[in-house]
Structure formats: structure tokens, C-alpha cells
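Each structure below appears as C-alpha cells.
What follows is subunit A paired twice: with subunit B in the first complex and subunit C in the second.
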Partner chain A sequence: MVSSLARSWYEASFLSHGANMNFAYEKPTTAQALSRLLEQGGAGASLLAGGTDLLVQLRGRLIEPKLVIDLKGVEELSRLDHHDDGSVTIGATVTANRVIDDKRLSGAMAALPHACSHIAAFAIRNRATIAGNIANASPCADSVPPLCVLDAEVELRTTTATRRLSLPAFIRGVRATVRAKNEYIAAIHVPAQPKGTRSFFRKHQRVRGHDLALANAALLHDPERKRLRVAIGSCSPAPVVVVLDDLFESLDAQEAARRCMAAIIPISDVRASAEYRTDMTGVLVRRLFDDLKA
Partner chain B sequence: MQSNVRSQGWIGDTPARSDGPAKVAGTARYIADIAFPNAIDASVVRSHVPRGRILGIDFDPNFDWSDVTIITAKDVPCNEIAEIECDQPALADDQVRHVYEPIVLLACEDKTKLQRAVQRVHVRIEQLPALLNVDDSLACNPLVLGKDNVMCSYRVVLGDAKAEIERAEVVVRGMYEVGHQEQMYIEPQGCVAYWDDAGLHVVGSMQCPYYVEKALAHALRLERSRIDVTQSVTGGAFGGKEEYPSVVAVHVALLSKKAGRPVRMIYERQEDVQATTKRHPARVTVEAGCDRDGTLRGIAVDILMDAGAYVTMTPVVLSRGVLHACGAYRWPTALVQSKAVITNTPPNGAFRGFGAPQTIFAVERHMDRMAEAIGMEPMAFRQKNLLGIGATMPTGQVLNGSVGVQECVQRALEKSDYLRKKSTLGKANSPAGATKVRGVGASVFLHGAGFTGSGEDRLKGAVELDLLKDGHVRVRSSSTDMGQGTETVFRQIAAQAAGVPFENVSVATPSTAHVPDSGPTVASRTVMIVGSIVESAAKELGERVRNEQQQHGGSFAEASNRLLEREGTVVVHRRYAHPAGVKFDDATYTGTAYPAYAWACDIAEVEVDLDTFEIDVVGFWSAVDVGRAIHPVLCRGQLDGGALQSIGWALCEEVQWKDGHILNPRMTTYIVPTALDAPPFMTDLVEEPYTFGPGGAKGIGELPMDGGAPALAAAIEHATGIAFNRIPMTPERLFDAWNESQRERR
Partner chain C sequence: MEYDIEVTVNDVRYKARIPASFTLLQLLRDVLHLTGTKEGCGIGECGACSVVFNGELVNACLVLGVEANGATLRTIEGEAKGEQLSDLQRSFIKHHAAQCGFCTPAMILTAGDLLRRIPTPTDEQIIEGIAGNLCRCTGYEAIVDAIREVARDAKGGAK
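Now for the complex of A and B:
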């Protein structure tokens, strides 16, 4: 079941970095086998998709799993499907670069590939997955604000059950989600958006090269249902979604910025103070309105 | 003056970098890439308090220590790291003096077990009051060194500056502060040690193999003949691998001896940022007087540097800071006083610029303040007072050649269109409600090449050149290539002087068993000082072959082979000696501080976003008097890279501290500029040859680090009206300062 080449590659990379090597590695090829392994592994199992967060955690000894289950052997998890009704399914092992390269993710969903292009650097995006970005639940995850405004849902599976949760319901706080130990993210479902819907993303960071967000935000404008909303990341333990439907007609950017600044609860850390984050959130929201009006 | 003229021969040409293909193809073998059969890995148990008394070291009895090699202070034959002083122990014995101080060394074949073992060592420490910053140290709260916590102090006196300042029509006072800076070389610190019947072998990432050899001989009480230190391909250093590799090397050598097998220690990034040396933070107070027409009367500078817990290179860093504190100007009187104080933070050490960026930031900002006080354009004020040939510097040194500073200023002003931008951009010229403002700012500066004062005379660096078969030449020197291009430029210098093709010259791997001590690869001295003896040795080697040709005919290659046949080996040995008249008195701090200076003018143009306060460097012009560019592409590479490092220090790099711990010891938290943040560099080479440099070249490795911060501060001031006397000038600091200024206006 496990390719020896894959095993040796992982062993080599772990060895060279001094991470804990005392775990079993499995790469199932079916969803059923994956679920069973996860059931057996329980709390000692870690899921591996791109590995861009997992390896950092292994190296830092933040986790010491007994079993690492690689999702990349399950073909159905690698799909990026556009359905006839306009909805999109992003499988658990779909990378950021695949989302960026998917030309059909434009218009209503443009904020998603735009946000993905801000995740880390190109080489990392070749491996990093959207599901992993969500599962890691870092407050500054760039893919989260657009998925929030697009009303995306996370599909969680066990051997026997499947459930779907919105992102705000899935992410509980800093690096905390409601995923049970026997559940894995199978896909992210982005619902079809009414005609004329547009979405935008902006990020504030310290350098132009890759950096974590001091604040990031996405805006969705749906003229058919007269919906207007903004999601803000990196300024609260969990993503903040601000519904601004009552500003749909006025498109009052100042008022929108004021409400968003009031909705967040940022912290001061080595990257920025809470005050600066708050002010930058206001700037991001005003600029998202500029993008919308442009 | 010769300017950008391509001469006959190799000097001034741009052959492909010798180390380029392997680095581009990924085949260069850095220390972590080299397989040492049977090698085991090593780790360090460090302190966790900034200052304390070690009460005991407990090894968890429930842990299997049978296959773990353990070294503590009592295992070190002579527990000192020999640098300028021997105050730093290889391993803390009774006291710890900073939070990352090494206490126990461990090595184990199983790397996972090694990591666990580190956690199973419990060092019991009685915490003592600590000096967390220079203010604690100055207040002697507590007193830990001598009678005042002062590690070293220097003074330069030219005339009666205090009296002259008092008599000046305008007097300006200011205080300027700069912080730590992490070198952030791409390859972290790493060394491997092994022993055989010849003695001790150490291979690693380093700038100065002979410094490492000296430290090993001292700590392990070994004869130098029993030690071979070899530099592996080194992925950047910037001064960070000047003295620190001595610590890593001593650690692996001790472990390897006890373990009886090769031991490898490669730092993780976090450990590297925490434990290794950084740029000295400084607080510089300046008082200066001039007349209303811009005539300088006198300057008094007071420099305070934070040395950290041990001496490392502090005395020479402070000394260089002192000698650059008056900038590139003619001061009729000057008084520079300085001290470096001890703190319970990791020892600060060498970093490109070596004290000069700290004091040049202060004097350049101060020149802007003085120009403002007398209502003169800052560059006009500078131009009126620039040093030139025949001028006297504060140490009494009279400049007698290779002073291209006026030319640098003229060219930079022209190319950047500074004066027009100065009058059309800026806060004063931007419309009300503008969301973006632009500004320009400039700095003028110098950097002395080679060791400070009498250093080169004491050191007498050496090189040896071998004649090889078919007329090839090999350069043997301990000057290392760490990415800056030493190997390539030495080949050019030797090829030109010997009269052989570039491809017929090779450079030996720096290994103390095989190359003479050329002195360390530091202080902008490699091209100008060591290069000059490479040049004269190569010249002699070429002449010997040509004499043989004249006497017995044949080609250069045939004559070489005959010489080798007859003499066995043909080697030219050269030692450096200062040109006649270069003398410095360490007691009075008078005389020729440096045999030559490189000069430059930087002009920065910034655009500030008044919503986010992000500072976009839209253009960066440098005109630099390099003496002679041996390899113009590599030379510009040094200048642009150094300027970017200064831009990082000025705008975003900041080590954040809490209770002696670094809060941001990772690349995600300690931010350095990326390629995307690099502005367009318009770099202009001015060539005022230095008589005693190879082909006229001067040292330029450190110079570009000196001028970026003050030029950017001036540009930000022009754009926003906010004058920073402290770096880094982050968007957040600008945001706060701007809000403050808006409040004041209301």
C-alpha cells in the first residue's frame, strides 16, 4: 500500500531535519481505507496533505504522532470539480497553485485564487492545500476570508457519517477546529453564486515578498440577492464575517470600515500592535470598496 | 582619473563567477551536504535565565544515557573561547551571563533521541539580577564588570571642540538610536570535527579558518600543527561567521574527541538567530556648531554601544564606530568619546559595517538637522564641507590620494535629479488630501578599508602562489569566499599580474594545513590588502617564468615546466606591509586610521502611502568611489546587496526582546527585505585609484551598509515631515508619529 519511494523520501526529509521519526506512515488509496486507518489511529494519527504545516509542527516537536496518514493516495480527494449548477468542489489534496491556475475560478469566486496567490511562496504553493490551510486554523490563513464570504462549506467524513459545516462553524479559534479525531476533511464546497456576483481580496503584510498577514479581508457583492459582506482574518481568533446588506445601496465604505473595525478583536504581537491592525482593517475594507467600484 | 574604462587584461573584466555553476545547479556542497561516514549529531543545552549561578546539572536517571556523549565545563581543557579576550567560556561553569549561553553539549547517533536528551537535562540555576539593556548597565544595576560595567572606551581629540562649538553661530544637539541587526545568512552555522593520527580536523561554514584554529588550540590545549581547519562552501556570512564559528568548532571538537567519531553540529534557524552574534545597538549623541554660511566649527560625539555579555569583537567595532563618527566632512575641531557596556544579552559581534553604520546614521542625520537650522539645502551644506585631498581628519590623518567623494556627490545628484525632486516632491508640494507622498533624501559617507589603526602592521597577512605545470598558477590564501566573489577576483588579479589567462589560475580551498594565514576575511580588506600581495606575488612568479623564457626560450608553459623540473617547487611567499608613512598611535588615537577610504553618496526616493504608511523605495542611486572595480558585476553586486541590507535595517529589521529572550527568532517574525522589496538600484562606479591596491582597487564590502538608513530617513522626512532619529522606521512607527503630528496640529 505504501510506495517505498514515498517512504524513503519522507524518511530522508525527516532525518535531515531532526524531526521525530517514530511514527508509522500509511498512504491509503481509497476513502474507506483512509477512514478505517483514522478510526484505528485515533488521537495518535496525523493527516498529511501538502505537509507544509505538518512538517513544521513535526520539526518543532509540537506534535508527535504515532501514525501519519497521507491523503494523496486517494484519487477522489484530488478533484477540483466545477458542477453544472455553478458550484465548485475543492478536494482535500487540491493545492493552492491548482486553484490559482484554474481559469474558471473568476468573477464571483475571484477572491479565492487571488487569496491563494498570497499564501507563502510559489514552491510552497505547489504542495500546500486549501483544505490544509483551513484545517491548520491559523487566524491569518489567506484562503479563509474568501471562503467565508462565498459561504463555502467544509465536508467532514468518518467511516459512517458525513457532515458539512460553514467555515465560521468549523474554526473554533487559534489552531482549533471542531474536527473530531476520526474525521477528515474530504472537500470544500463552494456554492454557486448568482449572476453578477463579484468577490475581492486584500492583504496587509510587512514586506512585498511572502509574509503572514497583519490583516486580510475579502468582500462579496451579490446584486441579485442584494447581499454585501466582508470577512476579516488575522484580527481575531476565528474569522469574522460582517454582514453589510443594509449598505448594499449606499456602498458606504466609511461606515463598512467602521463596523468591521468594531467587529474584530485583534491582539498585539511581534508583527503589529492591535491599534495598527485595527486601522489597517479599516484601510483594507475601504480599498475593497474601491475595488468593487472600480 | 580613469572611469569605467575597460583596460587590457583581466582586471576590469567580468568573467563568470568561479563558484557560480555549482551554486546554480545545486551541486555546491555546504557543510550539511557533506557525508562524514560514522558521524553523529550534536546539540547544545543552554541557559534559560539572563544571569544566574549554576547550582547543578541533573541528568534524568530514568533516561538511557549510555549512547549519549556528554560534555560539560569540567571536560574542557581550557574553558575559554580565544578571541580578542578570553572572557567567554566554551561552556558556562559557575555562572550564566545570557539566556542562550551553552552549558552542556550532547551528541548521539539517534537524532530523535538527541532531541529528547536535551529535554532530559535540567540545569538548576539561581537567578540573579540581570542587565537587560544599556540603561541598566550604565546605572550599575547591578555592577558585573570592573567599576562601571564599561567594557572598553576610546577617544579622539582634535583641537578644543567644546570651546569652538560654544563660539559657533548655530549649535545643534541630537540623539540617534539604532538597534540590533541579525545577519540572516542563508546557511546557518555548522561545523564537523573528527580526529585521526594527524590530530584534529574541523570542516565548516566560516569566514576565518585561522581564528578557528587559534580558538581550538587554546581551548583544547593543542599544538597548532595538530589542527587542520577547512572552510566548506559558505552560504553567506556578513560578519556573522567571523568569530562565532570558533564556538561551534570548539564544541564539536570536544564532543568528537570524547565520542571517538566524527561529530556534526548544524544550527537550526531559531537557535542561530538566538545564540549567535548580532550588530551592536548604539545610542549616539551629537553636538555640533557651524556658522550661518555653513562653515563647520566643531563636533562632539558621544557613542554608547551595547556589547552584550562577552567581549567578542566589541573593542574593534567600537573603534571603527569612533573613527567614522565625524563622517566625510572637514571639522576643524572634533571630540569623539565612546564606550561599550556589558549587558546580559547574547554577545554582539561583527556585522558588515562593523560600528560605522551606527555612527554614520547619527552624523548624517545631524548634518540634515544643521542644514535645517541654518536654512541651507542639506546637500549644498554637505558639499561645502566635504573632505578632499590635503584635508585633515579628526585623528590628524591627512588625505593624500584616492578621494572621489566630490565626484560621487555630483554624479548621484545628477543621475537622481535630486535637486529638482527636492523642490517639486515632498509634503510641502503635495496637495491636501493626497493619499501618497514622495520624497528624496541623501547621505554622504566613507568607509576605511583594512584593519583599523595598526592592525595590519601587527598581522602581516601572507599569501603563497605556486607555479604549476604548463604555467598554471595556484593562489593559496586563507581569504575565504562566502558568496562575495573572493575566488573570482583573486584569479583575475593573479592572472593579470602574472600575465597568464584567467582559466590558468586556481585558488586553493582555505585549509590551515595548506594555506598561509592571510588574516581574516573581514574589514573590507580582502581585495585591497590581501589582493595587493596576491598581485605582487603573481607579478614575481610571472617574471621568474619570463626570465627563464628569455634565457632558454620556449613558451610560457614550457619555461614553467623547465623551472619546476629544475627547482622542484616554485613558490612565491608574500607578507603584507603598510605603505611607508602609514602609522597609527593606539595610545593617543592619532595618525593614519586606514590606508584608504572608499567614498559614496546615496540618494533614496520613497513613496509613502498615507493610509497604510508603507514606505516604498521607488529608486536608489549610489555613486561609489571604489578605487578600481576588479570585476564590475561582482562589485555592483556587493554595493547593491549591501544597500539592500541597509534598507532592511532602516525600514523593517528589529530584534524584539523580553527579559533577555528574543521574541522573534525566526524568518517569519524577524523580517528581512525580499527580492520584491529591492528597489531599482542605479549604481555608478567612480574610480579614483588607490596607489597600493591591486589595479588601484579599494575595499568596498562594507561601505554600502553605511549610507542607506540616513538617506531613507531624510527621504521619509521630505515626504511626510516626520524626522526619525531612530530605526527601524516601520510603517507602524510612521503611523504613530503621523497621528501624533496630526494631533499636535489640531
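Now for the complex of A and C:
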């Protein structure tokens, strides 16, 4: 009795491990080989970067790929480049911890490493990539609000073509993007920011290092072009960017909070009610203005 | 599909043949029978499966076994040198930082990784460092005490 119980438990856990899942694993070393594999694999292929979302999805049987293509063998995708004009390219396999450790990502782009330090806990940040965070298209993704206010672009590649899209254009909704089956994100491009630009990030969550955001938001203040904008995550199917340039002089936090709260379409779920998310969005926006004025 | 892989775990080289769907955690526990690394949740939430992978702390449940081909790993089985417990192991014992012990192997590897990166961490850095490791027993105080003492002793010279 005991042993048969033990065995059925063992078999059940084996199953949930996906042990009888049958997929092939490829780790191409060039961008061409990667594109070809993706072309051949079609809908049955899954891309693997850090695996921190993918393995959870495999285990939960949310996906059952025929082929898993590991991006980490392609050297050029691992680059984190600062260009002479001040723009930055974040390759597809650059992890959250590499962004956090990059001391040059400060000032105008400070919101990005700050947001990355709020992704999960340290060991996960050693694997989790920025590209994967975007591609997975969870409304809670912490890297997304900063990349939105920074006007970052996602570079998508196939064997023959390349295109660049802004984040709001790339992310269609909950776990939905415009990526075609044969495309992969090669890099994220963050344009140079005018002198004096600053950016900030705030996240509301229950337990740091464990919980996804109930609401997260980033603010960008660009004195040269008199631009002021806020992006809000976790409170709508896709990120919401609120342009507040007309508040550039007044820096009216109350009015900014009111507009942001009106712009989101939050849901109620296990983590929070829609009302609570709306209230917290207001709080986050006011705190972002405090950060800016501090 | 099955793949032949080679890994070095605690200075020992292993060869194995595993399905692509096996996690690194399954490779360690079910194939190599290194069962010091624990499975709590299997989905990155608890940290009980933390190991050092090519010098970096990772959750073994979120890595495929095939990804570890050619990698160098450290697990709790490599912590003591023969009968000689490590400083962290002795400090955990002294401070009663282990109760049921399920979180302990990963907690010690996580603490070791933290002290390599930040040799003299503040309490806040210790807490942040172990934030991904859940402990249902100790309430964490004893664990933080144990790590703090190892850091302090290392700073004050060998003891």
C-alpha cells in the first residue's frame, strides 16, 4: 500500500517534470544557424534564453515544443554595447544582473537597472534576460515601463529581414506580441537621451525578491526637449504610456496621478483588486514625482 | 530526444545521457544521485535548488540539464573538505541556523556566493542576498547571524 502510494506519487512528479516530454535541443553558434532552425521549427520551436519563464511554462505544460533553441551559443547576442552617440544596445542574452552591474547605465537610463534589481531574486537575475522579459509579454514585466519611457526599440530578425518596433507596438496584450514565428529578438536599442534627462522606477509588490508587481511605473524627465512621461505596467493588458509634457513646468503630481489612474484598465486577480491597483498607481506616480524633485 | 553530456560537479567529471526535458536539478538528483540539492517548488520560487553554475548562483530547477553540458558546478556535496566543515557550515551549526535542514544546502551555497561578491555585507545586503531562499523553520534571524559571523571573522583575519 505504502509503496504503491509512494510509486504513484513518484510517477506523478515525474510526469509533472515533463520527463516524457519529447523535444529536441539545439544550441546554434551563429545568427544564421539560429534563424534557419527557427524557420524550420515553425510553430513547434521555442526560444530559450535564461529559461526563467520557459522552464516554468514547460513544467506546467503551457507549451509543448518539438524543438527548444538555446540562444546562448550565439556570441553576438550576448553584447551590451554603449555607442559613441550615447545609445545602448542590449543583446538578446544580456541578463538583468549584467544591466544592474553596468555602471554606465546611470542618469538618463537609471530607471532600467533599478527596475532590473526588482526582478525576482539574485539567482534568477543571473539568468533572466531583458529580451526574454519583453518577449514573454507579462503585463508585470519590470523592464518594460523603463524601456517604454526611454523610447527603446526591439530589433526582430529573420533569415532575410530585420525590423525595429517600439515596445508599445511590439506588445499586443497579455502574453501576446507581434513577433512572427520565424522572428527572434536580436537586441533592444535604447536611444541616446538629451543631456540632463533623468528616469526613475517604482514598483509596488508584497514581498521584495518574490512577488510580481501589483503596479510598476517609470518616469522620464527630459529638460532639453521639455518632455515628461510615465509608463505604467501590471495595470493593463499592455504597457500604458502617458505623455505629460504639458505638466513639464508645473510638475503637478496630483494631476499626473489623476491622468495615469484614468489611463489604465486594471483587472482584479489573486494579487490585488482593480480598485487597489488604481489607487496604487496614483501613489506610485506621486512617488515618482517625489523622486524627480528630491 | 536524448543527449550525451559531460559536467564537472565538485571537481568530479561525469558523463550522462539525458532527455532534453530533464532539468539540471533532475540531472543532479536523479541521474548523478547528488541529492544534497533539494527540490522545493520546481518553479523558481523557493531557492532550495540553488547551485553554483560556472561561478554563478542559479536555480537548478530553471536550467535544462543539456544547458549544463561542459559546465562546472558546485553543490553542497563540495562544501566540506573531507571531514573538515566549511566556515559557513560551522557557523550555521553554532547559530542553530538549520532546523529541518531542507533549505540549508542552498542557503549555504547562496551565502557563500554572497560573501564572494560582497565579503563584508551589511545586514540589509545579507537579507537581500538570501531573499530568493525560503525557510519555513528558522525565521531567518539565525541564518543572518550565521552569515554575519563568517563575514566578520574573515574580516578580522583567519580564526
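Following the convention adopted for this analysis, the second predicted complex is superposed on the first by the 272 of 294 C-alpha atoms of A that agree within 3 Å, B and C clash if a C-alpha of one lies under 4 Å from a C-alpha of the other, contacts with A are read in each partner's own complex, and residues count from 1 in each chain.
Here is the rule we go by: contacts are C-beta pairs under 8 Å (C-beta built on N, C-alpha and C of every residue); 3 or more make two chains touch, one makes a residue touch a chain.
The model shown is predicted, which means the values in this text are computed figures rather than measured ones.
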Subunit B versus subunit C as contact partner of A:D211, first or second or both or neither: first
Which superposed partner A:V283 touches (first subunit B, second subunit C, both, neither): first
Which of subunit B and subunit C A:R127 touches, first, second, both or neither: second
Touched partner set for A:R61, first subunit B, second subunit C, both or neither: first
Partner chain(s) touched by A:A272 [first = subunit B, second = subunit C, both, neither]: first
Partner chain(s) touched by A:N22 [first = subunit B, second = subunit C, both, neither]: both
Shared contact residues on subunit A - subunit B and subunit C: 16, 18-22, 208-210
Parts of subunit A lying in touch with subunit C, wherever the complex brings them together: 16-25, 48, 50-52, 55-56, 58-60, 68, 70, 72, 120-124, 126-127, 208-210
Contact footprint of subunit A on subunit C as seen in their complex: 1, 3, 19-23, 26, 42-45, 47, 50, 56-59, 61-64, 66-67, 110, 128-129, 131-133
Residue numbers on subunit B that touch subunit A, as the complex places them: 32, 41, 111-112, 114-115, 268, 611-612, 652, 656, 663-664, 668-669, 671-677, 730-732, 735
Subunit A to subunit B touching residues, read off their complex: 15-16, 18-22, 61, 204, 206-212, 270-273, 276, 279-280, 283, 286-287
